[in-house]
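Structure provided below as structure tokens; questions to follow.
By written order: A, B and C. Residues from 1 in each chain.
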Amino acid sequence: MRGKAAEAGKKAAAKQGRDLDERLGLASAGRWMLNYIFPDHWSFMLGEIALYSFIILLLTGVYLAFFFVDSAHEIIYHGSYVPLQGVKMSEAYASTLQISFNLRAGLVIRQMHHWAALIFIGAIGIHMCRIFFTGAFRKPREINWTIGLTLMILALLNGFFGYSLPDDLISGGGLRIFYSVFESIPFVGTWAMELLYGGPYPGTAVLSHFYVIHVFILPLVILGLLSAHLAIIMRQHHTQFPGKGATETNVVGTPMWPGYMAKSGGYFFMTMAVTALLGGLAQINPIWLFGPYDPIRISTFTQPDWYIGWLDGALRLWPNWETHFPGHIIANTFYPAVILPGIIFNILYAYPFLEAKLTGDKAYHNLLQRPRDVPGRTAFGAGFLAFFFVLLLGGSEDVIAVAFDTSVQSVVWVLRVGLFAIPPIVGAVAYLLCKELSAVPSAGKRPLANVIVRSVDGGYAATPVELHPLEAEHHEELEPAPVGHVFVPEPEPQLVTAGVVSPASAAERTDRGPAPATSAASAPVQSTSASDIPGVRQVSRQGTPGEPAPRSGRHLFFPRRSHGGEGPNGSNGDGAGTGPDSGSD
Amino acid sequence: MTDVRGPHDPSGAPGPSAAPIGTTDTETYAAQLSVAARNPKRVELVVGACFILAILSVFVLGWIYTQRGNPQIEGAMLFVLFGGIGFGMAAWGKYLMPRGPFVEEREVLTSEADEQAFAETLKRGQVAIEGRRSFLLKLFLAASGLMGAILLFPLRSLTPAGASANGPFYKTEWKPGSLVVDESNNPVHYSTLDVGGSMTVFPYGYTDSEDDQTLLIRASLKPVAPPDQPEKLQWSPVGYLAFSKLCTHAGCPVGQYEAEYQKLLCPCHESTFNVLDACAVVFGPAPRPLPQLPLTLDSNGYLRALSSYGEPVGPGFWYRDAL
Amino acid sequence: MTRRTRQMALPALLVMGVAAVSIVLFGSTARAQSTGAAAPQPGAPATTVPAGSHNHALGNTGGTNYQDTELGAGAATGKQLFVQACSSCHGTDAEGSARAPTLVGLGSAAVDFWVITGRMPLEIPSQQAMRKNPIFSVTQAKEIAQYVASLQVPGYVGSVAQGPSIPGSIDLSQANLAQGGELFRLNCSTCHSLTANGGALSYGAFAPSLVPDTPLEIAEAIRTGPGNMPRFTIAQLSSQDEADIIKYVKYITHPQDRGGFNLGHVGPTTEGFIGIVVGVGVLMLAAFWIGDRV
């Protein structure tokens, strides 16, 4: 009975699928999609945090847009929050209070929206760092770097417009600063800001203009650019780290179906889970405590959200210079808040082309570099990040001054000096660390465990452990990327008991030749070691008779494979190790 | 790379995606398809438990929603709901799905032949713009360009009619004789503030005006002026000083009056002004001192403005020096 | 440690040392400047003697109830305590010295405020006075205050020249929370922050957090303007206004945190930190688990 129903159901589904395919031609493209391979490395998931946070922003944002009123019209509040009863405020602020106190899921969704914005931009930043430090922006991916950078700037802007919508005292102060900064632009500044704000400050329409931009224009542009970003990735295929058989012309990893859909879909829900946890348990932007915006009221300890905080820091740390021409001035805020970010973003936009010119490297690159192998770029990036963080600290100078019981003046001067002193130091340290790491062959690699075997007369022998094939996957050593220099491995210390560890196998183990060497090296070692010692029982992890011998799974994906050596000592000899799977060219 | 055909080859021949990615070796393929977990039963239990937890949390969420909602419980239950589904899916994908490894070849993005063919196809349009028709192309571009420009004109209405970039913008409503009032339009008598007191004042009738906001300070019992500007003693009856509250840096209200240090501090970017020196800037990014409003007392002892501000208030902008 | 690391260590230590020394230098410069708190800056009028201009309490209009200071047995005990604990800096007759200003004419509320919040006796003279456990009981503090208030300002008779008196009672039953909020956000939040957590002022001075303040202390501070705080007169803030503000401060220091854990009410600084460290951080840990490590 159930079998019949299932059969019928399957038949119906198959027929539907065929109908769709006949009309839309989905089969081959669909298959390409399902077969698309994603690299397995965890750092490829950072961009997904951003993508999923954006989806959360869209979903929660739609809900909020139903209930938010984007009007600056002043009303008297008579809602349920008692400390603001009878206070004059804009309808926007009042509607945000309504959402926070009178809707059953209003506050949790509003807070989720705000936390998701912080996570969104944080994830973009970390994702950008991953792209930068591994060289994923090189040809042919310069366009995607440009798109990604634009996405970041649009996300920053959208975040600013978004948290200014509730019209509370803190974000309103930010609106005033935004106005002053952009009206300082020569020629067009005052005119442009009047257009945006609907008149001279405070303007009649800033909230409704911001609402249209935040809900409509910028999300559409971001969606469009995001789609292009993803489409280009799929067209070019992901980059990948060298090792595990990765080459410039293939991709090794998990296919979209079913593995990656499950993992990535799960990751989407985990992102939602973290956002929901923060949204429910960690209060963010409690605008009811701040009161409605009023141009004559202000507070101390007012910072913008962190992704604008670096610009606030630039404003705070900049000296009080103003440029005067006959009849005109370039106001003070123009330099730290327009010129400085302009320079920073232009450097970032130009970087792929600058680096290509400097290194003379115009080749296609689908394999990534480890940061340690490009110390110059890593040092530059580290210094750049340090500069950004000093600016970020500058935005919270008064909080720092009170927290550390010192004066604002000293904090400002330390940060001003630090802005120039710290990035070169950080860059130099990063450079030297890279050199250190590249000079030590085993840096960052997990050494294999040793099994200690005790002989009857008390001697100890060490043999590298035989790994379960799944463990072998995780203990896979990263193939060193091709570097210009040749390094000489340090010699293994010789154990006291001669003959147990043969120098030959030691050399194999340390320089990590073509094969992962786990099983290949262990076979000759075991044959010369413990079994030679009388009375010792071999401790091994080969399968018992009857169970299939364990294999190290990595080098099995080429049709041409040698089945050699499936002997009693276990693993298939990976003579294939010397073949085309040697990985990086 | 050997295979130049892309995934949408119109010839209909199966591309590289047709073969099972990985190997044609059935034994190895079977190994690829085996699950990754060492203990699949345990993982299955965990994944199942996650999904069950998620289902249970739905009921709690529904119940709390009928109870007028509670952000903390909603957040925690959403965490269980999404986390359960998410963790379950991810564990399912990581441990109970084909182990792999899987490899696919990258498609070649382009080739000389493709580029040639594209250029040839483009040339098809050549005949439409030959001879006199090339002028048509120029006219078309002109029309489109101008169309783009004129379609931006309606955006001008974002600013209401009458507002101009540097007109009444930073000219305040303070005039000679303006009565100094507080936020509720009450006049300020000279006995209102004690030495060390400060308040926010406006010209009478303009308590809603952002530009006119002025900080009134009683710095002393006697007139106060910078030592090198004794003429400003007349601006400071019985020790009252009035400065524009709009910071000359970025327009925040300069509210922090340090009564002991006799400094005004703007909380936004920590610009510091010396009250006794006509608010000259002593620290921070503010480029100009706060404009001072000259004060006087009328016959009843109420404070009035002696004249308006001598300069535009607030932050700088391109046309400021011309005003 | 490779040779390169060793080569790097010395310059790195040098730089760190220079940085540490400069931070200490700047920090101590800041502290030194805040000794201005103890002595008025050159050119500044004597802000601690508000003689002649002071507005005394004018009746009870709901809210704070001012009582006349009682001169008598309280003042005598107060004098003993004063000579014991305060005269070494303020002089035996509160006339002031090189180390401390005169207290004559300040009125009992000011003295009471400084003593019951523990700020006086001053712990570190080169720093802004910090709230700490008071060494005198409430009664003793009142007595000291009454003594100081009994000292005559030269040239004046009676209590006209005295600063505000200790409020007798503070009635918050008629106080309007919303009005208090409006006044708080106009007059107070600029230094004390919107959630009354305090704020930074210049040269090492700061506005303290209002969380530990009692209504009496808030009332006294508003009227007497301790330290860098401005002084708010009855004409500027009526007794009703004062009660409204006090009620709002008591609320905002323990406000309704409907959104959950309040992260210290510091604002976007901590929110950003948590968003990145907890939000992105936890998700990165999840990525470590889902993805491969090599």
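Structure notes:
In this text, contacts are C-beta pairs under 8 Å (C-beta built on N, C-alpha and C of every residue); 3 or more make two chains touch, one makes a residue touch a chain.
Predicted model only: the values in this text are computed from it and were never measured.
The touch graph of the protein chains shown is complete. Of all chains shown, the one whose average CA position lies nearest the global CA mean is B. In terms of C-beta pairs in contact, the better-connected of the chain pairs A-B and B-C is A-B. For the pair subunit A and subunit C, the distance between mean C-alpha positions equals 44 Å. With centres set at the average Cα position, the gap from subunit A to subunit B is 22 Å. Averaging C-alpha coordinates per chain places the centre of subunit B 34 Å away from that of subunit C. In subunit C, the residues that reach two or more other chains under the touch definition are 186, 190-191, 199-203, 205, 258-260, 286, 290.
Contacts with at least two other chains are made by residues 107, 111, 244, 263, 266-267, 270-271, 274, 278, 280-281, 296-302, 397-398, 408-409 of subunit A. Across the assembly, subunit B contributes residues 71-72, 75, 90, 93-94, 183, 200, 253, 255-256, 267, 270, 283 that each touch 2 or more other chains.
Remark: subunit A residues 40-46, 49, 81-87, 100-101, 107, 111, 115, 118-119, 122-123, 126, 169-170, 241, 243-244, 263, 266-267, 270-271, 274-275, 278, 280-286, 288-291, 294, 296-307, 309, 395-399, 401-402, 406-410, 413-414, 417-418, 421, 425, 428-429, 432, 435-436, 439, 474, 476-478 touch subunit C in the complex. Per the touch definition, subunit B reaches subunit A in the complex via residues 1, 7-8, 14-15, 17-18, 21-25, 28, 31-32, 36, 38, 65, 68-69, 71-76, 78-83, 85-94, 97-107, 109, 155-156, 158-160, 163, 165-166, 168-169, 183, 200, 210, 213, 245, 249-253, 255-256, 267-271, 281, 283-288, 314-322. By the touch criterion given at the top, residues 36-37, 40-41, 43-45, 47, 50, 52-55, 186-187, 190-191, 199-203, 205, 225, 227-233, 235-236, 258-260, 286, 289-290 of subunit C touch subunit B in their complex. Interface residues of subunit B facing subunit C in the complex, by the touch rule stated above, are 71-72, 75, 90, 93-94, 182-183, 189, 191-200, 219-222, 224, 227, 239, 253, 255-263, 265, 267, 270, 272, 276, 283. For subunit C in complex with subunit A, the residues that touch the partner chain are 2, 4-5, 8, 12, 15, 19, 22-23, 26-27, 29-31, 33-34, 177-179, 181-182, 185-186, 189-195, 197-207, 248, 251-252, 255-263, 265-269, 271-276, 278-280, 282-284, 286-288, 290-294.
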